[in-house]
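Okay, so chain A shows up in both of these, paired with chain B first and chain C after.
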Partner chain A sequence: MEDRLQIMLVDDEEIVGKRLKSSLEKEGYAIEFFLTGSEALKRLDEKHFDIVVTDIRIDEIDGLEILDAVMENSPETKTIMITGYATAEIAREALAKGAFDFIAKPFRPKDLREVIIKAARQIKRD
Partner chain B sequence: MPDKKSRATGPSLGSVLKSDDLAYPDGKFSAEMDRALRERPSFSIRSRLLLAFTLFFVLTLGITLWTMEILGDVHEKILFLEVADDFKVELQQARRFEKNFLLYGTNLDDARQHAVRAQQLTAKHSGRFLRIIGKDSLVVMNDQLAQYIKLLDAIGHGDRKKYESELRQHGAKMLRLAQDFVEKERKLVQSMLVLARRVPFIFLAALAILMVVVGVFLARQIIGVLTRLMEHTKRFADGDFTPIPPARKFRDEFSKLALMLNHMVRELDRHQRILTESHKLRAIGTLVAGVAHELNNPLNNIMLTASIFKDEYESIDEDERLEMLDDLVEQSERARKIVSNLLDFARQSETSIEPLDIRKILDETVALVGNHIKVKKIKLVLDVSDNLPVVHGDRQLLSQVFMNLIINAMDVLPEKGEIRIATRVDGDGDYLVVDISDNGPGIPEHIMGQIFDPFFTTKPSGKGTGLGLSVSRGIVRKLGGYIEVKSQLGKGTTFSVLLPVTSIPSELSANNSKRGKGTLVD
Partner chain C sequence: MQIICISRGTFSGGKKLAEALAEKLGFDCLAREELTDMATASGIPVGKLEMTVVRRRPMTEAMIIERERYKAFVTSVLCERARSRGLVYHGRTGHLVLPGVTHVLRLRAILDPEQRVLSAMDRLRLSREKAQSYINDVDEDRHRWVRTLYNADWKDPTSYDLVVNLSHMSVENAATALVSMAQLPEFQATPATKQKIDDLLLASRCRLALGSDPRSRDMDVKVRSDGGIVSVTYLPRHEGKAELIPEVLATVPDVNEVLCTMASTNVLWIQGKFDPQSESLEQIVDIATRWNAAVELMEIKDEEEPASPAPESLTPEQKSDAGFPYSSENGGILDDEAFDYETELDEGLRKTRQRLISAGRAGGYRVLKGCPKDVLSSIDRTVDYNLVVVGDLCPSKGSSVSKRRTQEMVSYLLDNMHVPVIEASEMKSQFMFGPAQFMKLLGFAAMVVIMVFGVMSHQKDVLEFISKGTCLFSACEEVGMSNRILSALAIALFVPVFAFCYGGFTRFIFRILRFD
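Let's turn to the complex of A and B:
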């Protein structure tokens, strides 16, 4: 079993996936990228992820539903929400539901990396 | 500059109201109506009633005085008749003694005595005689009496042969005159009494007729004004907020009512405008959020790509660098498109009234809601004729109206329902009509009157604002048109948007009330 952190990335923007996947893999994470919520949910059933990074607004299945699924099936997984427009309400709702943290679009890879490192530390501590 | 800002971000609502529009719509016009109402000479209902009662009083007083006058006359004449009877009796006595003298040669002194007594009577009651028979007759009567006495004296002195026939003739003439007077006066008294007895009945009849006439007149005036005011309030309820113009030459209590109604209508109008405004602001909020989200995606892509390009410049190969640069250009282009769409939209919003191609607007509107319709599996039939007359209006606003009506229809339809959009020109060719029909459950009678009310909604809370129809009606009315509704329970509902066919847009806002045509809902 590899010791790399397993990260799932969900966003309806192809470029987000393309860039972050290659960038984060260089950092030593194992990344799986999904364009739709339904694909992501299907994969969540099959495999355990340490961290899930998901856009809140995707398609018919939104980020909050993915968060619900994660919290239900593997509560130890850290979920990081990407909000298109950082409204306090949605962020608060996500955090109340058990999200680890959120990050507002547009962001730099560095910003996401920092949150992931924070989550990774938390995982180790757990 | 709130004006500019709202234009730039205006959603499918078109031009956003300028804030000074909110104050008073046709403020000047309205104030003029109020002044016209106020500046007429006052003729209050109170003074009209007072006038009517005064008229009755004067009439009654007149009749009473007249009756008193007649009775006074009668009284006077009766007194006169008493004296005249005495006078007549004296003369009769005088003549009897005169006859005795002529037959038997006796009683001449008695005859003279009675004649003198008659003379004394007229002298004593000369005033009364004067009043009743007049000066001329009195003089004639006195002369005849004096002449008679003179003749009696002459005969007494022995000239009997000479004066006998003259005496007789004169005596007969004098007596006849007196008798005639008495008879005439008696008849006069009788007829006056008959009249005095009839007067009250005639007066009562006249009074009754007059009361009916005055009553009907007053009632007609009051009811007429009330009916007119009721028509105005009905018009107000339909959303036509033109103030009440003065219709009479004077003002009264109803004018005050009209003033208050005008005031109420101004307030209503202002509130409606505020409502419309807030509805628009809400829509702007939604639009801004949407645009922000739209813009965030390319921006995020650019930021991620550019950051990685910089951070990992050394570690990535040539091909990848080019790909990243392509992505940057492409994403920038995407952002530019969003901005330019928004600008296009804002530019459209600037022009508010223009000649419109209804067919095009309907096509665009249907395209906008097309997705929702497909999801709900609703059949939409667009039956639009080719040669539609030109109407003027704001395409964004009209599109919003059609959108509201289509969405309303969609919300009540079950899956596989049908919405039919058809156009026609109404009978007189004055209006272009767009019918939006559904075969849904229909609108129950008891809420029919409320559906245009602001905040009235049948949708579950949170789903409908209850402003759609209210705002739509405001928009259509502003363009000089109407929205009519026909609904049959279980069969469906048809909303008809009537837009005036005109070539001069400036006429639209000025005189948009074609009365009697625009009864909505009911």
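Let's turn to the complex of A and C:
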């Protein structure tokens, strides 16, 4: 089994995937990027991910639905929500539903890496 | 042109009430969520602002500027919509967005907590405990948001014309009742309120124009409008960019004239190492608040310490990266190398700045090292400082060296700057009012009373003594002193003593009244 941290990245903007994927891969994480929620859910059925990083506003199936699916099928997976349209209500809803953390865009890859490190530590503790 | 603002908590029925009321009145209905989406799409990082509040983080200077842009955006959208037809807005701060527009009907919708919890459980599919926690957290976030944006208490009923409890009344019936209220003459637009809306709209458009232009984006300005005459107040540290203001505002329609004014008072605080817990900081904030002044910080490093980068030393590219450039080109993912100069400052200076920012008194900062001459040359002499405060310099070199350096700096700046320069330790005695000052006040008051009483109760004798030269004391006659000389001497001594006591007494009275 691969010992690299398996991370799923979901965002409907190609540029987000491109920028975050390269930044996170440099840190040694295994990244899979998806542009739609339906593709992401399909892949979640096939493979276990340690961490899911998902935008909230994506077409068809949104980030909160992905969070619901992760919490239902793989509660040990840490879900990090990212969005440019953050509100207190959405952030609180995501956290109440079990999201690990919430990051508002714009942010630096470094900010996400710090949250991923925290999530990885918690995965080890669990 | 009618405006109805409904403030609502999460799951409190305010949204449904707003929609029902708008439908009955034939008005537009606008939700806060639509407004924030529009603001985000226009480049204002509302999500960042929200998360700052949710995470209980202090506002940085960049965030303060974004906050002002957001407030201007909200004002401009509400005014624009309200100018064309009636509007029902529902959100958190609608009742505070249009100050001075007296015909706005300000409502607050509330609902029984149990019903709110049940709604949250149902809609968000949460357990009772989590739903309760969600509602408490969001209410607290909204409370903090209103405090952060408008320094107001969201739950204060005096901010509203009516608080509607939807626990025992259907939304439809509440909306029907409110239609009647909305037709009252107090809530109809008048020429004066229409003019006020035009003024608010123009001021907010000008603020947005300044915030959108990369050249003036980082300027902390206050904009007002009065019948097409736009007044922009900027901080002294932005004086170099002041000439840009009329240029940027020339593109805004309906601007007849632009008046640019630099904030009139400024306090310069020079210190070796800033301590956010220090008494001096609270004293400076108190003084700056009383004077409506901005406080500029200057940290003087020891010769061997490396100086942190100051904003003046950054390249324009670095400065622009310190903001929040969200664009379709980066998808909201910034470069790791984006230089956030605020986090590079040492903790004491950063926290001191944050305290000043939260008090609305931040006036810039710089970090340098050198002798008093270097400090003087780095001070912008065109800035109209009202006070220079010098705290302990070179604190790492012991108290005697620190005291000597501080006194040298005070003395040098006093000789070369035509403004009051004091040591930080003197602020209390010079500007504050504590137990020691109270005792002095009592002393001066007692002296004044005794002197006034003495003179008033011996008016005849005093007048004779002054006018006729009558000697009050037989001893004087024995030594042969001239009565005339004696009376002149007595007056020469009495008047300054009385003036000193009376001056001291009034000085402390004014200080109590916070009238410096």
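Here is the rule we use: the second predicted complex is superposed on the first by the 126 of 126 C-alpha atoms of A that agree within 3 Å, B and C clash if a C-alpha of one lies under 4 Å from a C-alpha of the other, contacts with A are read in each partner's own complex, and residues count from 1 in each chain.
In this text, a contact is a pair of C-beta atoms (placed from the backbone, for glycine too) under 8 Å apart; a residue touches a chain by one contact, two chains touch by 3 or more.
Everything numeric here is computed off the predicted structure, so don't read it as measured data.
By the document's definition of touching, both partners, chain B and chain C, reach A:S23. Taking chain A as the reference chain, the count of touched residues is higher for C when chain B and chain C are set side by side. Touch criterion not met for A:T77: it reaches neither chain B nor chain C. In the superposition on chain A, contact of A:R92 is made with chain C only, not with chain B.
In the superposition on chain A, contact of A:E13 is made with both chain B and chain C. Contacts of A:F102 after superposition on the shared chain: chain C is touched, whereas chain B is not. Shared-chain residue A:T54: touches no atom of chain B or chain C. Within chain A, the residues touched by chain B in the first complex and by chain C in the second are 13, 15-16, 19-20, 23, 84-85, 105-110. In the complex of the two chains, the chain B residues touching chain A come out as 289, 292-293, 296-297, 299-305, 307-308, 311-312, 315, 324, 327, 331.
Contacts from chain A toward chain C in the complex involve residues 11, 13, 15-16, 19-20, 23, 68, 83-89, 91-93, 96-97, 102-110. On the side of chain A, the complex with chain B involves touching residues 13, 15-16, 19-20, 22-23, 26, 57, 84-85, 105-110. Touching chain A in their complex are the following residues of chain C: 10, 33, 36-37, 40, 45-48, 50-51, 53-54, 124-126, 130-131, 133-134, 137-138, 141-142, 145, 324-326, 328-336, 338.
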